[in-house]
Amino acid sequence: MIAEHANRGSLTRRELAQRVAADIPAGSHVNLGIGQPTTIADFLTPESGVVLHTENGMLGMGPAAHGDAVDPDLINAGKIPVTEVAGASYFHHADSFAMIRGAHLDVCVLGAFQVSERGDLANWHTGEPDAIPAVGGAMDLAIGAKDVFVMMTLFDRAGRAKLVPHCTLPLTGLGCVSRVYTDVATFQITRRGVTATETFGTTLSTLQSRLDVDLASR
Amino acid sequence: MSRLVATPDEALAGVCDGDTVLIGGFGTAGQPIELIEALIRTGACDLTVVNNNAGNGDRGLAALLAQGQVRKVICSFPRQSDSYVFNDLYRTGKIELEVVPQGNLAERIRAAGAGIGAFYTPTGVGTPLANGKETRTIDGRDYLLEYPLHGDLALVKAHRADTMGNLVYRKTARNFGPVMATAAATTVVQVDHLVQAGGLDPEAVVTPGIFVDLVVVCHPLRVLSPEGAAG
Amino acid sequence: MIAEHANRGSLTRRELAQRVAADIPAGSHVNLGIGQPTTIADFLTPESGVVLHTENGMLGMGPAAHGDAVDPDLINAGKIPVTEVAGASYFHHADSFAMIRGAHLDVCVLGAFQVSERGDLANWHTGEPDAIPAVGGAMDLAIGAKDVFVMMTLFDRAGRAKLVPHCTLPLTGLGCVSRVYTDVATFQITRRGVTATETFGTTLSTLQSRLDVDLASR
Amino acid sequence: MSRLVATPDEALAGVCDGDTVLIGGFGTAGQPIELIEALIRTGACDLTVVNNNAGNGDRGLAALLAQGQVRKVICSFPRQSDSYVFNDLYRTGKIELEVVPQGNLAERIRAAGAGIGAFYTPTGVGTPLANGKETRTIDGRDYLLEYPLHGDLALVKAHRADTMGNLVYRKTARNFGPVMATAAATTVVQVDHLVQAGGLDPEAVVTPGIFVDLVVVCHPLRVLSPEGAAG
């Protein structure tokens, strides 16, 4: 069932954002994490009816604001000025996180340092002993959304895989990630294990040779 | 009963050393800058500050930290591109930090205002932030026990107040204001505009006046530009 | 310190309501329980700045509505049509009871079947085995308001005192009542015990002879 | 995604025997009469109904009870001057009753919608309604442990919806609607009016559309007079 796209390069950042966007169901309520996941919005059409949530208290967030449209009272969770779309609503932080924790978001897309084969997520702490810990809303989003997608490069700069048998970095949430979108492959994580559903610029067998995670064939 | 006062300094006259101060805002959106500046002028020290962040740049909360008036910060996201004041204090051991996941932080403040003794949250289970916390399995899912977070003082920025102390906010500057207003012994609110009772739609009031002790009008002369920092 | 008004009759219902109203602090936020306590509102002047709360989601409740002013969407906790005053606000039930439970109401006035000398309140259940239990918001109000005043006749129809050493009826809340306003006397309840502060149509000594509660003299 | 349907019957098509149904309203204010009438027409039985009361007169919730479709009522105040339908069923052992203090009821529903596993409340301590409940002393005060109350279905009446499912309510008819809308697998809302997206003030939306599954417009032709019953 895997689609091997070996005769092309790996996905660019924009292509990866577009790939994730294609899997966001029409009409769903979605939180796009700070950083890379934010760019997925560029590939969601108004016709899709996807409603964007930002944990600092808004549904119906529009694109980034520029010029005169910048309003310091209207920002996203990354503190970037944004806009509102028709049908937006504002609410306070306890209500916003009740919405998250109560499993009302259909999808949340987050970046990650590591994802384990059981869907454990590590994305808030580099593990360096002198790092200032800062978690923000990551732990709430990780365990709250109905589906948590991770969007990341599959390998770090040193070439180490970020999809791992067990996370070695401090955890954000346990067993919460259902899909992992990377530059070289897309993975599904279920109770039966990890499945690669697509590769980009590589083959399944090459991919498997670079991962310690056993990719289930189904 | 909500009372209108003329200046931020008058509003802050009751603060004491050692107080826990809930300060609204997410980054600079909704941060009650003028009230924080008045808090700095009181010279109150040994404060515990509850905010989502730990200050941006050199003004507002960052300036309060720089003055050495804060013993401890309870927040979700101290580290930002412009949190250098906090970073230095933390790295030199001059300030304590309690990091709380943002939703647990908001819910702990709500619990304080709502008379809830404690609550079980799924957020943080299995993570380093669960260390030392009581856990419980309910219907097959694991939860952490979290306790309410009360303030002696809450400093909140709203958009408009009426003379009854009812408040409405503006866009995402609402953030922590409404829950913080419920959770402190004394709630001080700075607003851009004041209207007569009846001047706000009763269906659209976000913070009823029962939660508001002191109101001070600070005209929105100075606009802070938000920083492109995560949080 | 007691004011004995022996040379007059006991208080009528209206006089009792007026007596309680006189002790409601100016500018306070107050919940008046269903039934008799509701009539206290008739003796609160607009100048007093007292704001009335009704637990079904409103602050700034005005007098009962009549004729064309009746709106089925605007009722009090007793389901009587009421009006709104300038500066009113509406909120949902969880927020309304957060307000109650979180000790934001200055005063709540409730009726009672029995009050104990420790301030225990019994006002929701007659104790009859076939009675249909119905508690409404009584238990929340009893333990939530900063000050809970009880307003009742001191004796039931059979002549039994309702201010008692220990409640025999099912409790509403423990140690929650601070003042008891009755037709024949007003009482304060503190940790040191019960003090009569006024009598109407009787003397302290006569009152004491009819009560099993020891009235502290101070 | 919120979906507009043409009739209450279409909105109720998915109900199953044995469902727990959260029904908004305080007495008749905010009671979604047309949705309840459609629920009756489905013939679904063995239902658990959560409402503040247990029906008034012969219509709405009372009619549902009279049809024998309800196994259990969870409410704060069943006994009213016009609750004769419930009273008869209860006295003849044909219906179960769980009485919950009104604030605990509202908070249990909120907890279900907010993903809270359980919470400690001071309400009910030392009373017969504490029987069998876990207690805990926190900071010297006693609390009861209460669990969330989820619905399979919520039936809510609001005043206006927009095409995104955002809702505003009217006066005290708001009551349980907003928390119930968050706490059910499927939330069905009847509204007096529907407007386009953008037709509601984003600052004044009470229930964001994320909580609303199905919307049906029921023009407010029939006005029920409130009954002078306690509750």
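Per-chain residue numbering starts at 1, and chain names A, B, C and D are given in the order in which the chains are listed.
Criterion: contacts are C-beta pairs under 8 Å (C-beta built on N, C-alpha and C of every residue); 3 or more make two chains touch, one makes a residue touch a chain.
Model, not experiment: these values are computed from the prediction.
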Q) By mean C-alpha coordinates, which chain is most distant from chain A? A) C
(Q) Distance between chain B and chain C based on Cα centroids, please, to the nearest Å. (A) 35
Q.
Could you work out how far the Cα centre of chain A sits from that of chain B, in whole Å?
A. 29
Q. Approximately how many whole Å separate the CA-defined centres of chain B and chain D?
A. 33
Q) At which residue positions does chain D touch at least two other chains? A) 107, 110, 114-116, 121-122, 169-171, 203, 206
Q | Multi-partner residues of chain C (each touching 2 or more other chains) | A | 84, 90-91, 98, 100-101, 144
Q | Inter-chain touch pairs (all) | A | A-B, A-D, B-C, B-D, C-D
Q.
Under the stated contact criterion, what part of chain C meets chain D in this complex?
A. 34-35, 54-58, 70-81, 84, 90-94, 96-98, 100-101, 120, 125, 130-140, 143-144, 170-174
(Q) With touch defined as at the start, can you tell me which chain B residues reach chain A in the complex? (A) 26-30, 52, 76-80, 86-87, 90-91, 97, 99-104, 106-107, 109-110, 121-129, 169-179, 206, 223-231
Q. So in the complex, which bits of chain C are touching chain B?
A. 26-29, 49, 51, 53, 59-60, 84, 86-91, 98-105, 144
Q: Give every residue of chain D touching chain B within the complex, in rising order.
A: 107, 111, 114-122, 136, 138-139, 141, 143, 147, 168-171, 201, 203-204, 206
Q) Which bits of chain D are touching chain A when the two form their complex? A) 1, 110, 112-116, 162-164, 166, 182, 196-198, 200, 202-203, 205, 208-211
